[in-house]
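What follows are several structures.
Consider the two complexes below, in which subunit A is the common component and subunit B and subunit C are the respective partners.
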Partner chain A sequence: MKHRAALALALLAMALVPLAGRDYYTTLMLPFFAYGIALFGLNLLFGYTGVLSFGHALFVAVGAYTAAYLTSAFGILHFEVILLVAIGAAVVVAIPVGLLCIRYVKIYFGMLTLAFGMLFYSFLYKFYHLTGGDEGMRVLRPTLLGQSFPTLDKVGFLTGPYYYYSLALLVIATFVMWRVVRSPLGLSLRSIRENPDKAQYVGVSVRRYRFFAFVIAAVFGAVGGALLSIPTGLVDPLLAYWTHSGNLVFMLLLGGFTNFFGPILGAFVFIFLQDQVMSLTQYWRLVFGAILAVVVIFFPHGLMGLVDPRRRAGT
Partner chain B sequence: MIEAALAIVLGGVFNAAILFLVSAGLQLVFGVQKIVNLACGSFYALGAYFGISAVQWALGAGTPRPLFLAVLLLSGVALAAIGPVIERLLRTIYARDESFQMLLTFALVLMFEDILRIVWGPRTHVMGGGLYTLYGQLPFGAVKIPVYNLLVILAALAIAILMGLFLARTRFGRIVRATAENREMSEALGVDMARVYARVFTLGTALGTVGGALVVTSTAASLDMGIELIVDAFAVVVIGGLGSMRGAFVGALIVGVLKAVSIATYPELELMAVYMIVIAVLVLRPAGLFARATA
Partner chain C sequence: MFYGDFCALDGVSLAVRDGEFVSIIGPNGAGKTTLVNVLTGLVRPTSGRVRFKGGDVAGVGPVPLARLGMARSFQLVSIFPALTVAETIAVAVLAQLGRGARPLAALARDAEVRERVREIADLFGLGDKLTRPGRTLAQGDKKLLDVASAFALHPEIILLDEPTSGVSTRDKTTIMDVLVQASKRIGIKAIIQVEHDMDIVFGYSDRIVALHQGRVLADSTPEDIRRDEHVVATVIGKRLR
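== the complex of A and B ==
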């Protein structure tokens, strides 16, 4: 009951943010929504299945470039179409990549996913005529549910309709992920995390379920990526770079991978802390590196581990 | 035509020599400590910046110019002093899952980038002073290869041979191999694990910093050189097999020459060609070309 109240309160607060009239902070919420969705996917792999991907940014980039391609190259502005195509593209990429990656666990899985991320990065970076190379591609303002909001300027669009659209997507993504981890699939994934051999022995097809988790994670990554690209208005190959994947893992660990809501908290704290630290010093990497080191060494369960130490992921 | 091709390959071998040094450090640390050290690229960048400063200081203090290569080597070795400090930090989570250890080294990557920015500033640094061509150049048809490149290749070869002898023949080398094979057993036999880890990590650090110090004469020291190098070093260890020294050697040659050839023929494929091979190796021989049965 307490948790439901906290959840309702957080949702209400998020819905009220644009009304405060601080457009700067309202637009800062948009990457938070996007990363929150992408991190749900990453945590399905790490927190629930027990394999850490160092290439999740690949799927964020797939989603972002889908949005760029459809809006700039094909003139398709319906955001619902963009999301569906991004999901389709993520599945198409995730099937071969996943089939190869899920054969490995532990550090090999991390290395292989990193390799695929860098392969995609080099494609985006080098194939200039297709992807715009290091200059990237522009993302045009999409229409939401068929509405183009011609009277709103960019900030008005982002802090108004797009804000609530993103928030709604985050709520839907949360709900879907909640159902996924509570489903028999989620239970199987947790059994794989705890003991793959035993899971296999009692009849859980370890590879098949890891593969499902991989594809679902990719879909969440791509939806997050598409959402992320609109406020920026530009996509570039660095979206797929390995350090971006590293930052995603950072956010997840900061929030706490052992808690269902850890990814959301991690994305939120990372985005706003980064904004604050960057306004204080240009050396934000030093500060963030130190924070990550402290989290890894002393608080491996992240902020959620401090707030709610009893609750393990999915228990 | 043949000469031009040879020059390209030689350029690739130069890259391979540097890449071997850094990858050998990565392999040594992984082989013994089972840590994928993402920060080895940061050591490499640190070696490059520090190398320039050391050479400028040494030449200013009256060291004869031809000795700058020795100064670079020494500066790289001296930098290994940071190894034990960082190993002490990593020691706190040896008992933890490998993913956390990799993440801690990612934290180091973030911190090092800003430490370099604070000490040396955001701009790129070049050696300058004509040191790159100081030892002369060998003509290969239309292109000239600096003798410096050949000296670095020889130095890397010498280091490779010394490392091989060290691991095969010395007492400490045997302990290192035994620890890589079976940590609990070596500990049970009385090996002081803390000391072995500290030394191995320091040696791995030194290989990275020396690599950075040697490369900087031919290019420039920049803030992103470390995270860029990781991508190649990573390819090397996957192709060669995690933890294998011979693998680092062969992997570095493959990656170095492949990159040089694809830059000369079809530059779009530079990194892609490397990663295609990485993925092919992972699919066909998941443990790498030279992995031991245990890996």
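== the complex of A and C ==
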């Protein structure tokens, strides 16, 4: 009951942000929504299945470039279509990548996912005619539920309809992931995280289920990527670069991978902390490195670990 | 069965019939665990076959075997530490029902799974500990949970690798009694156990297979095994004679 009240309060607070009239902070919420969705996927892999991907940005980039391609190259502006195609593209990419990666665990899985992320980065960077190379591609303003909102300027669009659209997507993604982790598949994934050998002997097909988790994670990554591309209006290869994957892992550790809501708290704190620290010093990466070290050493269960002492995801 | 140049099992032939409780005994290095690993599809024998329900299951792996109706527990307690007792049993129940991959079904609302979990937990005396994480259980209960999750697959045959290892002498017979009762209730057709404790072996087995240096030294009833001086001298020791 207490948790539900806290959730309702958080949702209400997020819904009221645009009404406070600070457009700058309202637009900062948009990457938070996008990363929150992408991180739900990453946490299904790490927090629930026990395998850490260092290449999750690959799928964020797949979603973002899908939005860029559809709007710029094909003139498809319906955001619902963009999301569906992004999901389809993520599945198409995740199937071969996942089939190769899930054969390995621990550092080997991490390195393989990193390698595929960098492979995609190189593709985006080198295939200039297809991807715009280092200049990237423009992402045109989409329509939302068939509405183009012609009277709104860019800020008005982002802080109005797009804000609430993104918030609604975050709520839907939260609900879907909540169902996934509390489903039979979610329990099977947690058994794999806890003891893969034992899981096999009670009939859990470890590789198959890891593959399912990988594909679901990719879908969440791509939806997050598509959402992320609209506020910036531009996508570039750095979206797939390993440092971007590193940021996603940082957000996960910061919020706490042992808690269902840890990833979105991590995304929120990361976005606003980055904004504040960057405005104070050019050495913000140094500050973030120190923060990461402190979190890992003193708060291994992240910020949510301070709020909710239950230690493992789903327990 | 070879590991490199080392012959771990040599000419071992073993047929288990319905209703049998078979114990595999032998000194360390006799090939007992290798035999269980071969029987449960974990390792493929260099030559030979493992036939189960009319098919060759050598090296097929644990998941297909679990589906076919063969389960296994381990010498060292093997549980899911952070999962509760109910969740641990539910993992096996879901796998047995073929529902483990459902991504959006509400597990908490699955009455059949809940009922089966309760049934297995009660059989193993874990009914009042359903919400406790496995890691918080006493060692004897962890062992029971480990075996209970294998029983939750409703197998036709179960292989137990030292089911009473690591538990106190007092708890050993309790565990074995629970295990035998549970197998009768569930309808398990045969039990194969690897065991060092001769009180347990002679107290519960219908048949004993003595292994020595990878070969079958004897395969007979407990009474005949007791009378076999060669087996007693090599495997059992004179105390139990």
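By our rule, the second predicted complex is superposed on the first by the 314 of 315 C-alpha atoms of A that agree within 3 Å, B and C clash if a C-alpha of one lies under 4 Å from a C-alpha of the other, contacts with A are read in each partner's own complex, and residues count from 1 in each chain.
By our rule, contacts are C-beta pairs under 8 Å (C-beta built on N, C-alpha and C of every residue); 3 or more make two chains touch, one makes a residue touch a chain.
From a predicted model like this one, the values you see are computed outputs, not experimental measurements.
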{"item": "Touching partner for A:D197 - first (subunit B), second (subunit C), both, neither", "value": "second"}
{"item": "Touching partner for A:V180 - first (subunit B), second (subunit C), both, neither", "value": "second"}
{"item": "Partner chain(s) touched by A:K154 [first = subunit B, second = subunit C, both, neither]", "value": "neither"}
{"item": "Which superposed partner A:R22 touches (first subunit B, second subunit C, both, neither)", "value": "neither"}
{"item": "First, second, both or neither for A:L286, with subunit B first and subunit C second", "value": "first"}
{"item": "Partner chain in contact with A:G110 - subunit B first, subunit C second, else both or neither", "value": "first"}
{"item": "Shared subunit A surface residues [contacts with subunit B and with subunit C]", "value": "none"}
{"item": "Contact set on subunit C toward subunit A in their complex", "value": "40, 61-63, 66-67, 71-74, 78-84, 87-88, 90-92, 94-96, 99-108, 110, 113, 133, 146, 149-150, 152-153"}
{"item": "For the subunit A and subunit C complex, residues of the former touching the latter", "value": "176, 179-180, 182-188, 190-191, 194-195, 197-206, 208-209, 212, 216, 311-312, 315"}
{"item": "Contact footprint of subunit A on subunit B as seen in their complex", "value": "34, 36, 38, 89, 92-93, 96-100, 102-104, 106-115, 117-118, 227, 230-231, 234-235, 238, 242, 267-272, 275-276, 278-279, 282-283, 286"}
{"item": "Parts of subunit A lying in touch with subunit B, wherever the complex brings them together", "value": "46, 52, 54, 100, 103-104, 106-108, 110-112, 114-116, 118-119, 121-123, 125-127, 242-243, 246, 249-250, 253, 282-286, 288-290, 292-293, 296-297, 300"}
